[in-house]
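The following blocks contain the structures, represented as structure tokens.
Note that chain A is present in both complexes that follow, paired respectively with chain B and with chain C.
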Partner chain A sequence: MNYFNLPLEDWTNWFVNDWLLPNFSGFFDAISAVLASFVDAVTNTLLFFPAEVIALIFILLSWFFAGRGVAVFSLLGFIYLGAVDVWIESMQTLSIVLVSTMISVLLGVPVGILAAANAKVERAVRPVLDFMQTLPIFVYLIPAILLFGLGGVPAVIATFVFATPPAVRMTNLGIKQVSEDVIEASRAYGATSKQLLLKVQLPLALPSIMAGVNQTIMLALSMAVVASMIGAPGLGSIVLNGISQVNVGLGLTGGLAIVVLAIMLDRITQGIGQKL
Partner chain B sequence: MDKIEVNDLTKIFGANPPQGLKHLQNGASKEEILADTGMTVGVNKASFSVKPGEIFVIMGLSGSGKSTLIRLINRLIEPTAGEVLIDGEDMIQMDKNKLIETRREKLAMVFQKFGLLPHRSVMENVAYGLELQGIDKQTRESKASKSIEDVGLKGYESSKPEELSGGMQQRVGLARALSNDSDILLMDEAFSALDPIIRKEMQDELLHLQNKLGKTVLFITHDLDEALKLGDRIAIMKDGAIVQVGTSEEILENPADEYVSNFVKDVDRSKVLEASHVMKKPEVLINEKDGPRLAIRKMEEVGASSIFVVNKEKELQGLLTIDDAIDAHEKQTSIYEKLITSVETTAPDTPLHDLINIAIEAKYPICVVENEKLLGIISRVSILSGLVLGKEEEVSE
Partner chain C sequence: MKKSVLTLVTTSAVLAALTACGENEDVDGLSDEVDDGDDNGGQEEIAFGVTPWTSTVPPTEVAAIVVEEMGYDTAQTEADAGNVYTGLSGGDLDVFMDGWFPVHDNYIEQYEDTIEKTALSYDDAEAGWVVPEYMDDIDSIEDIQGEEDSFGNEFYGIEEGASVTEVNDDVIEEYELDMTQVNSSEGGMIAESMRLMESEEPVAFYGWRPHSKFYELDIKIIDDDRGFFDDDEVHVVTNNELADQAPDVYEFLSNWSMDIDEIESMIVEIEEEGRDAREVAEEWVEENRDEIDEMIPEDE
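Our next item is the complex of A and B:
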């Protein structure tokens, strides 16, 4: 099958090392600085308040959006996080998840809207999403480190790449599922495209969009351990330590904390989707 | 000026509509164009006009292009060719902004599947058209409240559409159309999704509202009974083309072709025909000042044994029989004292159906009276012939 030799490796390395880095390092440094300060700000805010205050906020959110059972679960979960002494790491993980989810939603939802409105955009976007979801994570971790250095920032970028597709797909789907009858009626009464989007399509697509956001958060949390491999602080690094020391107990301690955060965030965002 | 005027409106679906249009203008039929080019002629050079305050019904079976036609009028579907004049302005030539403005101000639409926003309350749905126009909340809610009351949904303002029955949902759709203050209502099979009793109720409601508000209504239906009941005039569509336009009477009496006559053969004439359709001009009238001698001579001329008497304003005074006329002549008295005033009267739009029993009881012809003026008379014979004529056609099938 080897009809000709494709020097993809050399080309890619040349592209990244000899062209992208020298020409755009300033640009990537700027992004890096902005993202780093953003992640730090969120982490510092979460850690500024006493743990009890943060826990109470999340317990109340759970109660309001997901009911009493989930609130009780959150309470027990937070007691666990305190009892195994992983509070700081939990908040570090949470801030990376929140920041990357925010970027995913801010970029993913508009792209989903565009894709729903325009078949060409959709055709262009779909393979990109497939790529983002299936390309092994480690493949883009390498350039992420090269471009953004070690730490929280490449973790946010890698998480963004992995976790954005559901936000785009579910937004696209949600808008397309809005019944043609309702759209036709709106147009008949003289709705502009903007009014149609804001008053009809987005409100009716909201449950679907929230399901996408929920999936984005879940995927972001599942990236926590991988993120720690490129130097992101948080629960992932506890698990990573457990692995490297063959310390089953340490691994479980960190792993369970991730599960606690995941279930809590999942129930809250699902609840928001259903309430809207 | 006509409220809506449609000239040669055409819609061709397919790869190359202008090419299909050329074929059509060269006289090719819908089938030929489909066979030659694979394109579908949705609407084929439809022309008609709707007068202000008129209910104009477009009737056709499914696939006849009637739903496409109504969507061409407000350009929910872009026409391939033709003109749609709304108050004299051509919708087809309008740019996007003018089109949106016209849709907002002049054309309200009611849909078969209601098209209500499921996430909004009845009030918010009814006020939706006004909201799109950028009217402030207070004004639009006061207008919407009035429309909600008009359609009999007071008390349901904060309900969601899914909490309402189909009939009530369509009342919301109707209220949304009314609150917009547009002169024209486009109604696309508006009552077809409702069950028969609710449907009849909504038809009556529409007639009532139209009477009260004087809207111009373009109504699409596949149901001939509905068309005959609602339509001042009816257009019958087949294969995208309009085959006949006329009043229900004209369509029943003179179907333009076999397609139309097949449609109308099963219609119960007693419900469709109205008093004014079968009444005859009173053969002779005499003013109150005319004497008995003239009355007798006129009765002789037409071979009748009685005659209706009106005054100069054509207002009905009563009935004079030949015996009374002769009596008055012999005694040299005024015929005025001899008039029988207890004659049966009816309005010109009374269905024949309601007149049958009156005709059986009545000794004399029924007078068709409007504003006290005598328009015509209906004898038992004319009612029966009206009904029988319908029967005859069925027999000849």
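Our next item is the complex of A and C:
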């Protein structure tokens, strides 16, 4: 099959080392600084309040959106986080998850809306999403470090790439699922396209969009361990620590904390989706 | 260079390491399943553990060629150090050509009943803190004292939990440096250092030889007057049962020794010139036939 030689390796290396880095390192440094201060601000806020206050907020959120059972689970979960002494790491992970989810949603939902409104956009977006979801993370992990430095920022970028597709897809799907009759009725009452989108399609698509947000958060959490390999602090580094020392117990301690956060965030966002 | 960094991190992926057993089709030849009474079937498989470190590849390939010449099949399974030692202990792996001591002492202690250091490969592996050559004023770790600011108060290490990670923390404490160690992975550390070296900024990270980065980057290992980083010894580590299962392989490996320079020269050929590792190793075996023959046990 080797009909001709494709120097993709050389091209990519040239592109990254000889063009992208020399010409745009200032630009990427600026993005990096902004994102870093954002992540730090969220982490510091979460760590500023006593653990009990944060726990209480999440327990109340669980109760309100997901019911008493989940609230009890959250309570036990937070007691676990405290008891195995991983509070700081949990908040570091949580802040990376929150920031990358926020960016994913801010960029993903509008793209999903555009894709639902315009078949051409959808055709263009689809392969990009496939690419983002299937390209092995480690392929862009190192370029992310070269561009953004070590730490929370490349982790946010990598998580964004991996976790955005469901936000786009579910938004697209949700809007398309709004039934023709409803749209016709709105049009008949004289709704403009803007009104139609904001007052009819988006509200009706909200459960689906929230399902997308939920998936985004789950994917973001699943990146925690990978993120720690590029220097992001948090629960992932506890797991990585456990793995490289063959310390099964330590690995499980950190891993369970990720599960606790995941289940809690999953139930809360699911609950929000259903309540809306 | 980037290519090696990419391959490194791709392979050093701990996740990959965790699933490596599942992915590697060779694993169904687990050594303990293979010997079912057939004393010298000639089809036994010798499984080599391979860590993502560049230093592991050349000796593993050379040893694999020789072991194949002796009539065995070979398999190579990639995993990170912890998992390689676990695999050796459980018998899934037979040989690891790149055991670093005293860095890996903890694994030997943990699995002392099932694995053993079989041969000393070389004893002059340097390791320590590394800075770029352009930092003229920094020649020892002590020189960093008072200059931590310019380094952004950060030192770059390899993975969280690696034994040397603790050593680096001890160094920071003992020299009273106002620095924090940032841990990621070998590839992450090198990529970050390269990024900073691009603009000739100060950077300090952990380095060791043999490693091709010493050919690609202008960097130096700086002095450590307090003896944290003595030269390391590299040993061949094998599963205890290898001596019974494949006595000739065991004897060959216990005679094993290889110069650090030879290994580095092979690393450079593989990484710099992008040559096939097996090919480079075959060439080396051809050129150093005498040396190899001395390690191979006489027939009967």
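Just so it is clear, the second predicted complex is superposed on the first by the 276 of 276 C-alpha atoms of A that agree within 3 Å, B and C clash if a C-alpha of one lies under 4 Å from a C-alpha of the other, contacts with A are read in each partner's own complex, and residues count from 1 in each chain.
Criterion: a contact is a pair of C-beta atoms (placed from the backbone, for glycine too) under 8 Å apart; a residue touches a chain by one contact, two chains touch by 3 or more.
Please read these numbers as outputs of a predicted model, since none were measured by experiment.
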item: Simultaneous placement of chain C and chain B on chain A, clash or fit; value: fit
item: Partner chain in contact with A:Gly190 - chain B first, chain C second, else both or neither; value: first
item: Partner chain in contact with A:Ile243 - chain B first, chain C second, else both or neither; value: second
item: First, second, both or neither for A:Val200, with chain B first and chain C second; value: first
item: Comparing the two partners chain B and chain C, which touches a greater set of residues in chain A; value: C
item: After the two structures are overlaid on chain A, angle v-u-w for chain B, chain A, chain C in degrees (C-alpha centres, nearest 10); value: 150
item: Which of chain B and chain C A:Gly82 touches, first, second, both or neither; value: neither
item: Partner chain(s) touched by A:Gly255 [first = chain B, second = chain C, both, neither]; value: neither
item: Which superposed partner A:Asp181 touches (first chain B, second chain C, both, neither); value: first
item: Overlay on shared chain A, then closest C-alpha pair between chain B and chain C (Å); value: 45
item: Touching both chain B and chain C, residues of chain A; value: none
item: Residue numbers on chain A that touch chain C, as the complex places them; value: 9, 13, 16-17, 21-22, 25, 136, 138-139, 141-142, 145-147, 149-151, 225-226, 228-231, 237-238, 240-247
item: Chain B partner contacts - residues on chain A that touch it in the complex; value: 181-182, 184-192, 195, 199-200, 203-204
item: Residue numbers on chain C that touch chain A, as the complex places them; value: 2-3, 5-6, 9-10, 13-18, 80-83, 85-86, 106-107, 110, 156, 159-162, 182-185, 187-189, 191-192, 194-195, 198-199
item: In the complex with chain A, residue positions of chain B that touch it; value: 74, 76, 100-105, 107-109, 111, 113-119, 128-129, 131-133, 176, 180, 186
